[in-house]
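Okay, so subunit A shows up in both of these, paired with subunit B first and subunit C after.
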Partner chain A sequence: MPYALLLPAALVLALVLGYPFARLVVLSMQKFGLKQQFGAPPDWVGAANYTTILQDTQFWHVLYRTVGFCFAAVVLTMVLGMLVALLTRRVGRVLRLALIVSLLLAWAMPPLSATVVWQWLFDTQYGLVNWLLTALGGDFHGHSWLTNPWSFFGVALIIVVWMGIPFVAFTLYAGLTQVPGEVLEAAQLDGANAWQRFRHVIMPFLRPVVLILTALSVLWDFRVFTQIYVLQKAGGISRDTNLLGVYAYRVAFGENKFDLGAAVAVVMVLITLGFTVFYLRQITRQEEL
Partner chain B sequence: MSTLSAVPRTTARPGVPAPRPKKRPRVGDWAANTAAVVVVLIAILPVYWMINTSFQRGVDIQSDTPHLLPWNATLNNYRKAFAQGEFLHALRNSLTVTLLTVAAALVLALLAAVALSRFRFRGRTGFVVTVLIVQMVPAEAMVISLFKVLDGWQLVNTALGLTLVYLVFVLPFTIWTLRGFVAGVPVELEEAAMVDGCSRFQAFRRITFPLMAPGLVATGTFAFIQAWNEFTFALVLMNKPENQTLPVWLQTFNEGAKGTDWGGVMAGSTLMAIPVIVFFLLVQSRMTEGLVAGAVKG
Partner chain C sequence: MKIRALAAVGIATALALSACGGGSDDTASSDTEGAAQTGTIRLWLNGEDTPQELVDYAKTEFEKQNPGSTLEFERQQWTGIVEKLTTSLSSNDSPDVVELGNTQAQAFEAAGALLDITDRKAELGGDDLVQSLVESGSYDGRFYGVPYYGGARIVVYRKDLFKDAGIEIPTTTQEFVDAGVKLKQENSDTEDFSGIYFPGKYWYAALPFIWDNGGDIATQNGGQWTGQLSTPGSVAGLTTVKTIMDTASAAPKDADESKDYLDFCKGRIGMLMGPGWKVGQIVNEDDGCPKLEKDIGAFALPGKTEGTLAPSFLGGSNLAVSAKSEHPELALSLLKILSGDEYQTKLADLGLLPVKKSLLGEVSGDEAAKAQAEAAENTRFTPASENWAGVEAGSVLPDMLVAIAQGKDIATETKTADEAIASALNQ
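Let's turn to the complex of A and B:
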């Protein structure tokens, strides 16, 4: 009986995810170029594609960049998300409502709409940001943000963090409401200052939530695609701004090297799975499967 | 006890210090309030700017001083958005794929959730772990081979193909959440109904199913938002203009050397965001509660 109930879901997962994944691994060990696109049978090349990409400095640049971007995005999201959660708890009822509603709106924005709007805010000619910075005394008239890798990633970081904070802040805020008030009162009566109360009372309570949120953020920010792809299209530079996901896509579909693209994708999956083990350990520690 | 009764909101237990007395205004309050206002402004700015721009005339959008309010409001951008390329096609494609995904995800996930929460069987833990791992596989890494596989099945540029892809990527989460909702209905209720003469299926349909309706709504909304917003697979798998979904259609404003029609893009973005925001506001608290309940308790 339970097997019959599981069968449809298991079948779809196996067929549309398991099988393509197996194909991905096979493809990454074959020679698959333009000739094969037109029907020639692919040759088996073993680990050659992997050696090719691992010897390509471009790949390593992309990997470091991806890890760096992911790290910066996660740290910023978690720290700012925590501050916003504490703030939400601290302020009066009207401001709290305003915070909750505005964060909800930011959270609900489709990633593509959000990216496009931020792109418009940072527009070279008519962007609000350039106008504001110029009004504040800088000279940003006609400043282009997306043609320099550093400011490109600055803009991308703002978009990713802006979209990531609401979920983190709401979850932490909900977690904060579970911290018993009496313990906080007691700590305060004993003379603990705000930082000590946060460090020794609030954090131990929130630890499991913080760990899971961090793990989820790492997994999400490691795979950013939409924001980077759209900004690249606007800025016109892609070589120095590729992250792993976009890189695999460009190698496969842009350069028609499906074999090398597949190898990059497999590496990406392996890194993710390594991290997933950590995440699963956190979950299984807290919950019965 | 007389001292305690004077305290408002008597959440304090006897022997525990009373809640702190009404605070005097302090520098800290002022700083916190200012910070809160700044956070609100930053969070809301892009949403406001999208709507604001979508109602502005071209000359006002392309002026050296931005117009903070749409004084000369116009619906022209929305008219243009409707006329741009294949908006109605894209809308229909998005709706088809999204609704198919939601329906299929709910049916498959409900069956699996019942199996996982009502039965103990060999391979159960294995299945749960597989589902959790699958949820973590970066979809972006699968684009290449899914394109090849669906191409082989002649499913590229079809709603069915894209639906299948969205289905496998929402399935793990929907199974995981529905499992919680099924488990939340005590099995004793079903057993009581079976004692009263219901079959196992009738007991489930009459007792558990109605009780977990909110869970189905929340889960369905999640699947809806995922499918409605998805960009990468739609970009690769629906590469003909008439097969585009809304997120890919939105990209068509960006192309061409003439630069971007910002009024049109903002109108299009607003149209695309409205259903998501509406659905989202309906269910978000349930989703956060679920996550916190899972992480804090237990």
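Let's turn to the complex of A and C:
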């Protein structure tokens, strides 16, 4: 009977997620270009598309870049999110309200608008950042932040982390309210300093929340698209700044190699699925959720 | 219990699906019945080169000729248009008439995305159409896209600044570069002043230098394409481009040319390379500067040796009917209006090259038009391959130019670009 209750949800999932994914897998095993998009029958090519992308050094560069970017974004989001959560606990009522409202606003902003605003801030000619840095004595006049891949990803990282912090901070803040005050007080009486209290009292209580948040952040940051795509349009060299999601899109819709794009997308899904299954098993094994 | 629930869900799903199916069938059949007489036609034009007044004219004219039908106009951006056309033309929500850049058209013609209008060519201008523009609208001997307009790139300059700096109109590439450098020095107190405005992604403006030095983008030999950007001729041309970027331009190294008219209006530009209608864009009422009009001049880009002109990129676009259009007859009637003499004359007044030989004399007599007519005599084009659109969407040339603008090694960057071009064209 409990399984019967799952059935409607499972059916809906199968329809809205299962069908597109099955279609994607089929597409990745066909020869599918612009002609097929407009009605020509596609040929089956088996695993040829996969061998093509796996032998392409460009694909591996993109993959390493994506993993590196994801790692940096997750670590930054978690650390800064935690600091904001702790800060929210410590400040007075007015400041706390201001903090929460700002976080909400940042979170409510659609990624596209947020990226466009940040891109304006970093604009080569008219950007506030260049103006400010120049006013502070640096020579940033006409400095373009997006042509160099490192500073490109620096800007992208700021946007992604900025958008990721609110959710992490809110959730951790909620988690922090569950830490019993008497235990903290007892630790303090025993002479534990702030770091020791955080490390040995607060963290154990927050552990499950942190683990889940990390998993979610990894999933979000691994498939980041909008931020990178918009920044590339604004100035970045796309060849040097593609991440997996954008790369799949460019291969499929830019070069009209829908088959190869589908193969990249399938590999991406498999990586995220693999990570999710592995990570969730680790959590459920270690923690009583 | 379980089985009963499953059955219920199954039946509900079946009902829902059949309901959907029935609904869409109904609407489809009623649509086709009315197709011959009236309907709504969706027209996509790209970029800012067609002003609103012309669109309004086309709308009025279309609705007058086809009583009961309406024309819906949607303006698209040139950036990302290939992706947008790929998805929209194959969807059930396809626009009826679209504008395709003449470098992009063949990909869609080869793919079967566009309606074959070979037997209607005579009504659309026939042999009077400018042949080079017809070529991009044709594939494999069939005709799909009627030319919409053409344009050769010219140099637009500030007469007053030339006079102040004591510069004559340059007659060789070297003089052109020198004039740019001198203008930049003379106006060094103006912030971000460019003697020659050359933003990093402006590949149309880099091509004349490549061609004039004997280089090319790619050539075909025995069915196989080879990238030609790393050949000595192309590298020589790109070296000139790099010199211009470094010594004469203050344009952003990571931007394209789409906002150049704004800087021109701010007085930050001495010379820029643009299509014939650029002057119109500069002096437009909305965000341009009509006051500058009397100081604007134009000339065709000179070549390496005295008395020659550098080959110019033949810009332009085609209009085509989507193969999925539900009202092909109405769409064709719209094509007739847009390629018709009256509409084309209006385009010519804006400084665009009309698509009919009989109208070429109509190009208005100002300096920009004259320069364009000169430049138009020596135009060249991107490689004639149905896969060229892939090179554009992959932004191979802009990526290469931005890297060069940044100071990366020209030899390495051109080699990378050649590989990308060959792999895209030899599919």
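Things to note:
Throughout what follows, the second predicted complex is superposed on the first by the 253 of 289 C-alpha atoms of A that agree within 3 Å, B and C clash if a C-alpha of one lies under 4 Å from a C-alpha of the other, contacts with A are read in each partner's own complex, and residues count from 1 in each chain.
What we mean here is this: a contact is a pair of C-beta atoms (placed from the backbone, for glycine too) under 8 Å apart; a residue touches a chain by one contact, two chains touch by 3 or more.
This is a predicted model, so every value here is computed, not measured.
Of the two partner chains placed around the shared chain by superposition, subunit C is the only one that A:E255 touches, whereas subunit B remains out of contact. By the touch criterion stated above, A:F38 is placed in contact with subunit C alone, subunit B being left untouched. Once chain A of one complex is fitted onto chain A of the other, the partner contacts of A:A108 are limited to subunit B, with no touch recorded for subunit C. When the two complexes are overlaid on their common chain A, residue A:M1 makes contact with subunit B and with subunit C alike.
Once the two complexes are overlaid on the shared chain, A:S144 sits against subunit C while remaining clear of subunit B.
Look at A:N193: by the touch rule set out above, it reaches neither subunit B nor subunit C. Looking at the shared chain after the overlay, A:T51 reaches neither subunit B nor subunit C. One of subunit B and subunit C touches more residues of subunit A, and that partner is B. Touch criterion met: A:S238 reaches subunit C, while subunit B stays clear of it. In the superposition on chain A, the residues of subunit A touched by subunit B in one structure and by subunit C in the other are 1, 3, 8, 125, 233-234, 253.
Contacts from subunit B toward subunit A in the complex involve residues 11-13, 16-17, 19-20, 32-33, 35-37, 39-40, 42-47, 49-50, 53, 61-66, 107-109, 111-112, 114-116, 118-119, 121, 124-125, 127-134, 136-146, 148-149, 164-165, 167-168, 171, 175, 228-229, 231-232, 235-236, 247, 250-251, 254, 260, 262, 265-266, 269-270, 272-273, 276-277, 280-281, 284, 288-289, 291-292, 294-296, 298. The touching residues of subunit A, when paired with subunit C in their complex, are 1, 3-4, 7-8, 11, 33-35, 37-40, 124-125, 142, 144, 146-148, 233-239, 250, 253-257. If you check the complex, the residues on subunit C that touch subunit A are 1-2, 5-6, 9, 13, 79-80, 82-83, 86-87, 89-90, 107-108, 110-113, 192, 200, 250, 252-255, 323, 389-390, 393-395, 399, 402-403, 405-406, 416, 420, 424, 427. The touching residues of subunit A, when paired with subunit B in their complex, are 1-3, 5-6, 8-10, 12-13, 16-17, 19-21, 23-24, 27, 83-84, 87-88, 90-92, 95-96, 98-99, 102-114, 116-118, 120-121, 123, 125-126, 128, 131, 162, 165-167, 170-171, 174-175, 178, 181-182, 185-186, 188-189, 205, 208-209, 212, 219, 222-223, 225-226, 229-230, 233-234, 245, 248-249, 252-253, 258, 261-262, 265-266, 268-269, 272-273, 275-276, 279-280, 283, 286-289.
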